[in-house]
Each structure stands twice: as C-alpha cells, then as structure tokens.
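Consider the two complexes below, in which chain A is the common component and chain B and chain C are the respective partners.
On to the complex of A and B.
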C-alpha cells in the first residue's frame, strides 16, 4: 500500500534537549553529552551513563498545578505532543477530529514500581490508587487527550523495539480511512531505577559511554529516554516541508525483508545492542546508511527519533552527518538529499523488522 | 469517513471462566451458570476475598511464557482450528497478529522487585519471561506468522480495538489473514490496583442492578480469525460472521471515570454505525461493557437509552468477570456466537432495576431478530470502542 501522509510538525525531547532546534543542533554538532543515572543495587548506590530528558519546558504549555499528579513518562509524551502541535502551527486548532497514537516499549515503568512500592510499604490494603491508575500503559495518551481536548480515537501500542512502526501503521490507516483529520503520533520511553538495575545485570561487562552502533560485535548501548512526536495529516499532494511517509512495513524477516529502493538512504535503528545488531550485517555492502542513536540513546522507541531526523533532513533537504562511527557511504559534512528517499529500518530480536520510508 | 467493506470471520476461539472453549462458554451462558470464587492463583492480604473468575487453563506450564500469552495461545489454536487453517498451511501467506492486553504489556514482576528492595539480587528469569511474552509476538512466533504484529495496550478496550484494527489490515490489503483478539491474566498487581480504586464488589458482580457495587476481575482470551475475501474465496469457506464496522473515540475527560453524558461512547457508536452502513433499527442486540461499577453502568444505560432505544442489551461480565484487555475480544466472540444462535443469554446478576438507569438489560434468554449486533468497551483513559458485527453464512 502506497501511503501519502505528511509530517506537519515535530516535537522532541531527550538527552539532546527539547524541541526541533535542539535536535538539529545535536545533529550539526554530531554529539550529545551523556548524563549519569543513579540507582540502587544490593551493594549500594550505583551509576550508569544515560541520556536523560528534562520536562521542565512543559510548564510553557500546562500550568504547574495541573501537572501535580502526572508522572515523568506522561510529561515527556505531553511535552512531545505540545511541541509537535506548536511546530505545525496547530496549538489553537480544533482537536475534535485529532487522533492520538502512542508507541512505548515499557510504558510508565517508574510509576509501576512506585505502585509496587506502595504494596511493599503498606501491604495489599494500602496499594496506591493514584499510582495504579497512572501506571496503565495508555496513561500518557489519556493525559494528552484530556489536556489537548483531543476527542478522536486514542491508541497505545507496546511491541518492544517494534512499537513505533507497528503504531505508525495504525496512525496512517486512520488517516487513509478518513477516521480523523490529523494524528498526534509519537514514541515515548523512560529510564528508571529498575531499568538501570536490569541493564547492569543483563550487560555486566558493558561499560561503554559512547554508542558504537555499527560495531555489531560489541555491546555498546547507552540507555536513553525521551519522546519523539509528530503531527501527521493526509498529504493530498500539498507541500509537506517535513516530508511524507510513503510506506510502513512491519513483520518478521523469515517472510523476507522487503526490497529497499536502490537510491534510498538507510537510517538504521542499530543502537549498540549486540543481539539486535547482528541482523544489520546482512544489508548490502554498497548501501548508504547512517545511525543517529548516539544522539538520543538506546531505547525501544528509537525509530521515532529516526523518523524525526528523517523529517528534519527533508526540511533542510540535506543528510546530516552521522555521529562518529555511525555511517557508511555518507560523508562527514552535510550533503544534499537530492531526491533520495530515506528508509528508517529497525531490526529487533528474532528477526522482527520495521521499515518506514520517507520522501521529501 | 469511508464506509467499511465487511471483513469475514472464519474462526472463533475463547477461554475464560465460563468455559475452556467457545462451546463450553456458550453452554454456561445459556445455562445461567457462573463460578466466581476467592482467588486461588495468588494470595491476598485483604480482609475481604473479592471474588474473581479464573480460567481453566489446562495447558501445562510453558516455561518462558507469561500466563497471558498461554491463555492467548489456547484460544488462538481453537480459532485457527475452527477456521480450518493449520499454521503450516499459512506459511508464506501474509498473516498478521493484533492482540489487546493490559497485564501482558507491563514490565512489573512483584517477586523480582520485592527481592531487589530487600537487598537481594533477584533471578533474572521473570524479566526474561516478560521480555519474551509480548502477546502478539508470542503468537506470531508460535505459529510462524511473519506479517505485522501489534500488541494494543488501551486498557479495557484493548480487545475491541485489536479486532477493529485487525480488520483494517485486511481491508487495506496488508494481510491475507489476521489473528485478532485479546488476552489477560489475573494477578496480584491488578487485583490490588482495582481494589485500591474501590470499584470491586465483594459479592458476585451485578451489572446494571440497583445494588451493584463494582466489578469482579476475570481472565481469559478471545480470538477471531479474520480472512480476506481473496483467501476465503479460494477455499470456498463460509464465514462465521463479519466485522462490519468499528468506531472509537476518547472522552478527553478523566483518567479513570467515564464522561457523565457518555460523549465519547456516543461518538464511537456513531462511527461504528456510520462506517458499517447500519441504522439503529438493524441492530439485534448490544453486548454492553457492563462492568457492574456504578459509574460505568449509569453512563452506558443512558447512552443506550438515547442512541438505541428498545434494542435489547446485556453484559456477559456476570459470567466471565472483567477480563480487562481480553474483555472486548471475548465479548466480540460471544456476540458472533449469539448472532449464530439468534438468541442472547440473560444478564446474570441483574435482578432489581435502578431508577437512575433509563434502560435495563434482558433478564432471561431472549430471541433476537436481525443480522447485526454491537459490542462495546469503555476503558481507563476515557477510551470508548465499538464493534459492529454481522451474522455469518453458515
């Protein structure tokens, strides 16, 4: 199915900062400073490098008191959503036919563990109703819909690394079927104590502070968190400065990876996880490819950030140089997009893949 | 909004407290049997043992998979067998999996977290099990399906949304066949969560009754095989039913409470009717969400009274408990089976009308006219989802 979905606005928040310009600056600089995440282990406090997001700019859109009971996970999603609407010039628009589609790998994991803590602290009878209701996976979509008065359909998809292409499939179909006039689409995932603890246990020898995405033999992932949102509309042939989504595919490579356009530039979702990295080795030797995970970190919804980078590339009609060691066949200086399409390609475990093709 | 082409349903499967398969479930529904009881799958520290509806999962423990995925596998195997397809015969075809859930999509494991908090390095096995148990991926892996897979986590409307979205994959030509449905397991986390919200009843659930106090939790899975006309035509397979339409809308009102006037539900109903080309007088019955909570049932009764006056309705949660992410799929399966049988069971648990509710459910087995019915779900987050379903050809 050939799609024609316009990306009308971008809203991003992550370790690189907040907003489209912050992402563009990181792309031009080719780097994002890595922070430190603290967590507890049975041996005591520990730290891991991580790309962490600051949601303070959300107060530009929502009064502080309205945010009191809204957790970090939902705040990141809401900030991404507001920024995307602002970028599209749609902050004041009627949102009665706006759909909300959110992809997440792990959901509001911090709040889930806060809910468990309330049980550990007070017993079953004192479980926290506030934490419980905020821990459901669709809480971010719900908060976004409530604050935006978005009364169209709402959907949250959780398919680990495939969450973004899977959810995007639904967003595009909603537009194609004319169920909605626009979709606020995004991916969001958060860091937290439990994630960092598990990270350390699963990858005990990994000490990388820099992701080496194309070094497929090495576990070099650095945890990231953030939200990457886009306002999607039916293109209908109109000008789409941030590009058009022309194809979304998701499946398992056992059924065959789809043929890629010969002149396409691949934005790989390789993010330093050795287990997933192996799948990228089978790509053609002459493929032009770039990876941007070193700018936003390793997180299940990384493909949403790749899609945002693709949209920025369309807007500026150029390919941004990939951070050090993250490209093949693409120079260290920006180069013209020159009519080529961009395919954001993500491999997960077990041969799962997702592909999003974007054109200017 | 475009009118939807009907999507054929060629197989059905169901596993819940009402029965180990669809035939057992329907027999229980029409016999008026239900078996809520104190939880046996886990212990609780509550002074009151709020009853639950546990599913008879006969499959042996499959190491590495959460109970949610095991429930899903059983119902999916039944649905595929019912459709006449073996997984081997589907190899090479574009087969997708679209599953709704709540528990199966969360990374919490109480034992793991409790141990960590107590200063012990917990075994990683529970986390590996969670990471390997994404419900849609588990089914795709088990049956060797290579098309799109999607796990929807829209709280209690997940199963309804999964069937609606799975049907759109067929209409759009993404897939030749889609395994669509929902699955959820009972566990301490949700049990404590719903109890903390004070919306659980300490006696068997009483949907739409004056004395209703809340829901009883349940577990299970419901699965539908959705098939393209091209594939179905090649083997001349009769449909057990059709997905005629799907509507969904958000209240954008409150995280846990429905809009008092049911505005989102009304929009979802309107969309489901419009895209299926149905008018209210074509609806044989409505399988309502009917959780037994005071708010939900009040809103649903008002909306049904406004939008579909005189159309008989019922909640089947009196037989199954509230199976959360599985509920919409289980109820879609029941709705299609009731259309086949041209009758609906009594709304068990309802005995005393509530003067606040303008419409009341059926009290006894009722013969229904018409070839279409609606199944509706309301959810945390203000989600509302409605399926328009049609009688099959057999």
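On to the complex of A and C.
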C-alpha cells in the first residue's frame, strides 16, 4: 500500500521515561536503565529485569479521581495519546473527526487475568464488574476516545508481533477513505506477574540484563512495557517535520525477504528473541541497519517505538546511534539521514513480516 | 475492627479511592451523589465486595437501595444478616 500520511505528533512512555524528549535523550545516550519486576512463583518471590513505565504524568491531563477505574494498560495508552496530541499542538482542537487505533500484542493482561482469578476464586457471581469492563479488548481505545472527546471510530488490533503494521494499515485506510481527519495511532503492551512468570518458565536459562538484538543465536530479550503513539494526518503535500509514512506492508518471507529500497536504512524489530531473530539473518550483507530495542525493551508492539524513532530521525534529519552497536549496526556517532528512507522491519514467527517505510 | 471500619477500608482499597483515608469517610455520609461520589458501577462492585468479604448477598434492588445509603446503613445491614 503506497501512502502519504504525515506524522504530526509523537507521544511515548516507557522504561526510558515519558515524552518525546525523554526518548530523544535515551537515543543520544544510547542506553536506558533497566528496572526490576517482582512476581510470585510457586517457589516464592522472584525478580526479572524489565523496562517499566510510570504513568504518573497522566495526572497532568486527567484528574486523579477520573483515573481510579482505569487500569495501567489504559493509562499508558491514554498518556501516549495525550502526549501525541500535545506534541502536535492539538490538545485544544476539535476532535469530532479523530479516530483512535491501538495495536497490542497481549492486551490488558493484568486486568484480564485478575478478572479470571476472581472467577476462579469466587465463581462468576463474585467476578469484579470493573475488571470485566477493563478486560474488554477495546477498553483502552474506548477510555481514550471518551476522555479525549474523540468521536471518530475506535479500534484495537491484536496480531501479536504483527499488531503494529496491521493496525497501522487500518489507520491509513481510514485516512485514505476520508472517514476521519486524523488518527491517534499507537502501540501499547504491559508487563505483569503472569508475563514474568511465563518468561521465567519459557526462558529458564536466559538471564540477560542487556538485549543483544543482533546476536541472533542468543535469547537475550528483556521484557518491556510502554506506549508509543502518533497523530497521523493526510499529508497532502504539506510540510511534515516528523516524516511521512509512505508504505505499510505485511507478508510472509518464506520465499525470501521483502524487496527493500536500495538506500533504505533498516530499523529492525529484532529484540533478543532467538526464535524471531533467525529471520533477520537473510537480510543483505550490505544492508545498513539499526536496532533500538535496548532502549525500550522486548515487547510485541516494539515497531511502534521504532516508528517513533524514525519520526524523530526525520525531525532531526539524522540517524541516532544504535545501542546494539556491532559491525552490522550503524555507527556509534550520529550520522545524517541524507534523504534516505527508513524501513521499520519486524519479523514474527514462521516468517511473517511487517514493514513500515518512512521518509522525511 | 468494626464492620464500619472494615467497610471503609474495603471501599478505599477496592474502589481505588486515592487521597481518602478511612477517617475522611463519615458513617452517615451518602455513598452516592454529593457524598462520597460513587456511581452505579460502584454500586454493582459494592454488592460483589459485600458478598466476597462478608459472605452476605444483597438480593435485589429494594434491599440494595436501603442498604447502600451510607456506611452506617450498610454496616447495619451486614450485622443484621449475620445475627439473623
């Protein structure tokens, strides 16, 4: 799908902090401090390294009292949304034709499993109605639409590793069809006790505290959570300082890797998961590539953060040093974007891929 | 801990009433509207919480309307059922 969609604002929250400037600082520093997530196992309390997001800044936009029934997942989404609108100078604008599209790999997993636990503990009669309403998959998009008074359509897309390109296709279609004037698009995923417990079971020997995304033989994923939102509008040839989305493509690389523009810089969605990492080995040897997962962590909606980094790169007309470094990463010093396009490329399991091409 | 005190702590904890302490909630203060400001979804949540924490079922709207006026009426309802 060939497009001309402008990125008009960015709103991000994650282990690196809150807001566009926090992400830019992490990009310049080339690192994000990794926190610790605590959880229970049958053997007792345990901890895993994790990139955790703080949603306290949401109180700048919404009264605390209004947030009491809104869970962590929705708070991250709402914070990302408000920040993107603020970045675009749209906080006070009419939002009657604003759509909301959210991509998520896991959804509101904490709330969903709390709701299920309440059924296991007390039967369906004692299940929490609040947890039920927040476990409905579109809850974060609905909360965002209600509080933002965005009366366009709202949608949540979950396709695990491919959630971001899949949801972005829907957002771009809405704009192309002129169904809406703008779309608040974002990816959000959260950490939680269940996720950490599963990680410990599935990757019992993986103890990495640093993601090594280009070391494809090694399981080095570190769980991350956060939200990366963008305000998207039809470009119509207008100036787009944060860049334009020119192509969104989904497919399967069974017959080979997708065709890429010769001079493109690849932002790989490799995030330390060995099973997905294998697919990146087939990329051309001379490809100029970078990975930024060590700044935001391993999470299904990582490509939304890569898209935010691509937008920042367009804004500053330079490529940020890739924290992964290595012979296949771009240099450790910033280098000029020099008119090249950026392709955010994510491989899932079984060769599925999603590609988002951005140009200044 | 009295039933009233236990109810106040349950309300604060389970309904996420941040910035409020048990001492801030008056026994006779209306739970809904101008009082504590709870709403209809809180009412449904409260019915579940009373059953979960006290093992007492609020069976219908008539019963609920009378019991859910304030901490004092709810505590009286619970204590009355316990001794019945």
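The rule we apply is simple: the second predicted complex is superposed on the first by the 351 of 360 C-alpha atoms of A that agree within 3 Å, B and C clash if a C-alpha of one lies under 4 Å from a C-alpha of the other, contacts with A are read in each partner's own complex, and residues count from 1 in each chain.
The definition used in the following text is that a contact is a pair of C-beta atoms (placed from the backbone, for glycine too) under 8 Å apart; a residue touches a chain by one contact, two chains touch by 3 or more.
Only a predicted model underlies this, so the values are computations on that prediction, with no experimental measurement involved.
Trainee: Identify the partner contact of A:133: answer first if only chain B is touched, second if only chain C is, both if each is, neither if none is.
Mentor: both
Trainee: Applying the touch criterion given at the start, work out whether A:150 contacts chain B, chain C, both or neither, answering first, second, both or neither.
Mentor: A:150 contacts chain B only, not chain C.
Trainee: Examine A:252 and indicate which partner it touches, taking first as chain B and second as chain C; both and neither are also allowed.
Mentor: Only chain B is touched by A:252; chain C is not.
Trainee: Report for A:107: first if it touches chain B alone, second if chain C alone, otherwise both or neither.
Mentor: In the superposition, A:107 touches chain B alone.
Trainee: If you stack the two complexes on chain A, which partner ends up touching A:142: first (chain B), second (chain C), both, or neither?
Mentor: A:142: touches chain B, not chain C.
Trainee: Going by the contact rule set out at the top, does A:64 touch chain B (first), chain C (second), both, or neither?
Mentor: second
Trainee: I want to verify the contact counts: of chain B and chain C, which reaches more residues of chain A?
Mentor: B
Trainee: Name the contact category of A:117: first (chain B only), second (chain C only), both, or neither.
Mentor: In the superposition, A:117 touches chain B alone.
Trainee: Return first, second, both or neither, reflecting whether A:198 touches chain B, chain C, both chains, or no partner chain.
Mentor: Once the two structures are laid over each other on A, A:198 reaches chain B alone.
Trainee: Please indicate which partner A:273 is in contact with in the superposed arrangement: first for chain B, second for chain C, both, or neither.
Mentor: A:273 sits against neither chain B nor chain C.
Trainee: Do chain B and chain C touch any of the same residues on chain A, and if so, which?
Mentor: Comparing the two interfaces on chain A, one with chain B and one with chain C, the shared residues are 125, 127-129, 133.
Trainee: Which residues of chain A touch chain C in their complex?
Mentor: Residues of chain A touching chain C: 64-65, 68-69, 122, 125-130, 133.
Trainee: What residues of chain C sit close enough to touch chain A in their complex?
Mentor: 15-19, 37, 41, 44-45, 48, 51-52
Trainee: In the complex of these two chains, what residues of chain A are touching chain B?
Mentor: Chain A reaches chain B through residues 1, 41-42, 100, 104, 106-107, 109, 112-113, 115-117, 119-120, 123-125, 127-129, 132-139, 141-143, 145-146, 148-160, 162, 166-167, 169-170, 173, 176-179, 194, 197-198, 201-202, 249-256, 350, 352.
Trainee: Quick one: in the complex, what on chain B touches chain A?
Mentor: By the definition above, chain B touches chain A via 1-2, 4, 44-47, 92, 94, 102, 105-108, 110, 113-114, 116-117, 119-121, 124, 127, 131, 134, 136-137, 140-141, 144-155, 161, 165, 168-169, 171-174, 188-189, 192-198, 248-256, 263-264, 267, 271, 379-383.
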